[in-house]
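Before I ask anything, here is the structure I am working with.
As written, the chain order gives the labels A, B, C, D and E, with residue 1 at the start of each chain.
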Amino acid sequence: MSTYTDKIREIAQRLLKECRVEMVIGFRQGSMPMMNEPCFVRKPEEVDRLVWDSNCGINLANYLTNRKEKIGIVAKGCDSRNIVTHILENKVKREQLVIIGVPCQGMIDKRKIAASIQGEILAVSETGGQIKVKSAGGEKSFNKNEVLQQNCSVCVHRNPVIHDEMVAAPVAEQTDVDQYADVNAIEAMSTEERWEFFEKLLAPCIRCYACRNACPLCYCPTCFVDESKPQWVGKSQDPMDVRTFHFLRAFHCAGRCTDCGACERACPVGINMRLLTKKLNKDCLELYGWQAGLNLDSRPALDVYKANDPEDFIH
Amino acid sequence: MSDWEPKIVSFLCNWCSYGAADLAGVSRMEYPPNVRVVRIPCTGRMSPKFALAALREGADAVWVSG
Amino acid sequence: MKNLLVTMGIDPDRLHFSWISSAESTKFVKVVNEITAKVKAIGPNQRFVKKEAKVA
Amino acid sequence: MKVIKIDKSQWSQTLEKIRGAYRLFGPVKEKTFHNFTELSDGQSPDLAFQNTRLSPKSLVFPQSEVMLNYSLDEADADHHVPKEAPKDYSPRAVIGIRPCDAKALALVKMNFDTDQYKDPYWLNLYNATTFVGLACDAPCGTCFCTTAGCGPFSEEGLDVLLVDQNDHYVAKALTDKGTQLLQKTGSKETTAAAIETAKIAAEAKITAKIETDNLRGADMMALYKAGLWEDISFACLNCGTCTFSCPTCWCFDIQDEVYRKKGVRMRNWDSCMFPIFSVHTTGHNPRDSKLSRVRQRFMHKLKYFVDKYDKGIMCVGCGRCVRQCPVNIDIRKVSALMNQLGSEARCAVKGS
Amino acid sequence: MSAAQAASSVVKTPLREEPVENPYLPYPVRIDDITVESEDRNLKTFKFVFLNPDDERKFAYNAGQFAELSIAGVGEIPIGIASSPVEKGFIKFTINKAGVVTTHLHNMKVGDIMGVRGPLGNWYPWEMLEGKNVLIVGGGFAFTTLRSSIIYMLDPANRKKFKNISVVYGARSPGMLLYKDELIAWEKRDDIHMNITVDSTNDPGWKYNVGFVPPITEQKAPQGDADSYAIVCGPPIMIKFTQPVLEKLGYDHDHIILSLENRMKCGIGMCGRCGIGRELVCKDGPVFTLAQVNRTPKEY
């Protein structure tokens, strides 16, 4: 991983020195274990701020929306797919970007680690595929694959789909993963069970909108929850309002979501709202053979009509 | 419960289904009074927000027709 | 839309889509009849309805 | 003031005695986190926690709260005339609130209890509540209360301080309300000597710091115009996690909701992180950039509040915003930057 | 038995202090009269009378304050009080149709019941202005609290407290001027110096000024000195360009009095959203001197 960091710094420095970009967007070391902070670098001498490790789960495409500068951006597989979506949706221009591709082997889910150790986590280090966690209750070692974010463990697009530079050779893509096991489990439930399931899932929501704001797809100037003429959804903690918010938020991501996991990662109360977007992803794949953000040449499933689009839901 | 009648909020395209409803009317055809028609300029104007708004206000079903 | 609503626990018969030309008044009547019958069968909607705020 | 000793073997019986006169609230473990909720009959609070995920501010300031009720039915005599919503203000006790959270409520009280106006909802709940604080023996690495005008054994805002002594608790009454509660327990009195020793040990465990000494004298406009905000605010997503989890954030929104012929006026937590928070009807938004919103949050906590009340910063060092920020924006880092700038830009006319 | 029931079944020690008056409860009022003020019909003046006569006494206000107009089922909106403390038996507000609440209000009828909460905020510093010259500069529909102020100052009991009173008031066109009858009446008096202006007009009978407020102020307003204060209220762009003019005329920054506005909800300094710097526009304002505003972030 430290070689990734060195290479990112080297590329960033070169891009800034050659004035090919005005800023490089990447991560800097966080102030807590397993947290890195998205940051920008404008001067070649400041590239030492940039780091890369298994705690760079925030989707950096989020920071590109409507920016006008020439930007170098560090991008793992899912980031690159969201950059593609951004370009297709005219939120940023391809010519503005120098994409520094990072082959990704998954990001750590700090909640998984926190749940399986005693006391507070004091320090975390990574060597090879091993994560060493120092906590108040002693030291414990994890195999990285066991503590990956759920979306990372079933990810089939680890390498950037679009890039100008690469920090390393591509990694092997996972082929034998069951991407939609969790969605299938919900589909198998009865209507009542499903209603109850989501009632429980969404109960802790405090409507901080971190899921919406962490998502690179959510860039509407005025979100539907903020509209007042008419007001679509109440602003209280009422379960129906919470459900309406989550339903419509997910729906706005239909055919666009890359399952980067930023929403779930950002949620302060640990709601797996990805189940909703994943269901839509699965439908898009099954009905239209579509996965978001794989290349710049094809239009999204929901903005093209094909004669063979399924229509059996219409009477 | 026996006197309950469903309320079905129907979003009908001005040019298609709304026309069909109109024609059914002038042809003096009979159909259940449970549909509450909202005329929309085209089903392209339909938004998931509308369907949810109808359900939130107590509609028993939503029908979108082009 | 329908798939996601159904996933969240809404009865599939609460959301209908159809395609009727302005000349098809018979089809219109037929569809209204069908939908009404289906909705009657599943009973009143208790979900996604906001009757009052469940707050402090 | 009264000091008593409660054996842990007697703990649940003691709680039941208190329950005779109070509704009880306390921390309860939900999956991996603790949160404050009402305790049902026979339920004890789970006191083996470092800090709750969300602050207990919702106990006196619910995230959504009905303020007024009214009828819109013109057949009613007083239609369209709002009335205060009836509430249960019977005595309640919070068992196991952390000293930092209690101090936070004392800070927030300055906003809701002013000479000119009193917020009845907040104050009635606050006054109805007896706060039994649990001294903090094992603070988190991200706790910085000792430098935020607070501490693991801070007594401000508490009615009773509870100190864990392995096989028993020592409970020290700090107010008349606290004494009244302890009288219900019937437990025997003891001395407060052990508390002092435990306090020194706990305070020594807190190593994280927030630097604030130059903020009071700093020139507000110099801090406001400083160049540091772009770097600080870059990563911010403008979600409301920090403000919603913060025990000292009190901003709220007022909304009307109508259900057929009846309606309520309610208030919901709001956040200065949300763009809509400050937008005018005309569409003009005085804080229309992420930078200005992030600046507002930190300036409010660390400068405006300091200047307005002269009671220190609007932060008690609970560390929740640090732990829960999805992009790791750290108030300690921000404060250090502001503080450094403050030492350079002293105010020409103090307190102007 | 739930904990709540258990608690209510025992004798409780009264912990609650004496009941506090609820500042969120509006006084019920009835719409007594509605006047359309402007040719585009977007401005209407509403006259309210209190349902409980005692509430009028409680609603004692000063010129420059505002109130929350409160419509059950819709919401609340902070509006400057257009009537004057010397006018009894009613209160008046002039309202621009803009958002959810004001649009609803524009559709209401005489006789409808709604609420008014206040008076809120501070007011123009009348005690400080005693014995001084007062220049009033207003633009558009922000003239409401200025009308309140003029009526207050012209009241026979008050007029002798002030020296010269001058007014510069502008609107986009003659049809957009508020309170036309009163403007004409003031124009005829010799104890107030009126300068009415419009941005433009094609009315050949227009006998007053044509031009924006700042240049008209420059031409017509009296010079500032230690004995003179200017009260400015209008759209931000007008305030921006009037400020240098007033400086040129010799008004000190602490002799220029502004009325700010910001998004508000509670109106009583609790909800936090109208804060700029350490000031809350609703409670510490809306009236500030320019000197105060200069020491505050420009977040309004």
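One rule holds for everything that comes next: contacts are C-beta pairs under 8 Å (C-beta built on N, C-alpha and C of every residue); 3 or more make two chains touch, one makes a residue touch a chain.
Values in this document were obtained by computation on a predicted structure and should not be read as measured data.
Novice: For subunit D, which other chain has the most distant CA centre?
Specialist: Ranked by distance of C-alpha centres from subunit D, the top chain is B.
Novice: Would you say D-E or A-E is joined by more C-beta pairs in contact?
Specialist: Here the pair linked by more C-beta pairs in contact is D-E.
Novice: So which chain is farthest from subunit C, going by the mean of the CA atoms in each chain?
Specialist: E
Novice: By C-alpha centroids, what is the most central chain here?
Specialist: D
Novice: In whole angstrom, what separates the CA-based centres of subunit B and subunit E?
Specialist: A distance of 47 Å separates the two centres.
Novice: Between subunit D and subunit E, what's the gap in Å when you average each chain's C-alpha atoms?
Specialist: Computed from C-alpha means, the inter-chain centre distance equals 36 Å.
Novice: Using mean CA coordinates as chain centres, what's the gap between subunit B and subunit C in Å?
Specialist: 10
Novice: Taking each chain's centre as its mean C-alpha position, how far apart are subunit A and subunit B in Å?
Specialist: Subunit A and subunit B have C-alpha centres separated by 39 Å.
Novice: Would you pick out the residues of subunit B that each touch at least 2 other chains?
Specialist: 48, 52, 56
Novice: Find every residue in subunit C that makes contact with two or more other chains and list them.
Specialist: Answer for subunit C, listing residues that touch two or more other chains: 1, 5, 10, 16-19, 31, 47-51, 53, 55.
Novice: By the touch rule stated above, which residues of subunit A touch at least two different other chains?
Specialist: Residues 234, 236-238, 240, 244, 247, 251 of subunit A each touch two or more of the other chains.
Novice: Taking the touch rule as given, give the residues of subunit A at its contact with subunit B in the complex, in rising order.
Specialist: 224, 230, 232, 240, 244, 247-248, 251
Novice: Which residues of subunit A touch subunit C in the complex?
Specialist: Residues 183, 186-187, 191-198, 234, 236-241, 243-244, 247, 250-251, 254, 276, 279-280, 283, 313-315.
Novice: Residue numbers of subunit B touching subunit C in their complex, please.
Specialist: 4, 6, 8, 15-24, 27, 29-32, 34-35, 48, 51-52, 55-66
Novice: Provide the residue numbers of subunit E that touch subunit A in the complex, in ascending order.
Specialist: Residues 99-100.
Novice: Under the touch definition given earlier, write down the residues of subunit E that touch subunit D in their complex.
Specialist: Touch list, subunit E to subunit D: 1-4, 6-8, 10, 12-13, 15-17, 19-26, 28, 51, 70-76, 98-99, 102, 112-115, 236, 261-263, 265-266, 268-273, 275-278, 283, 295, 297-300.
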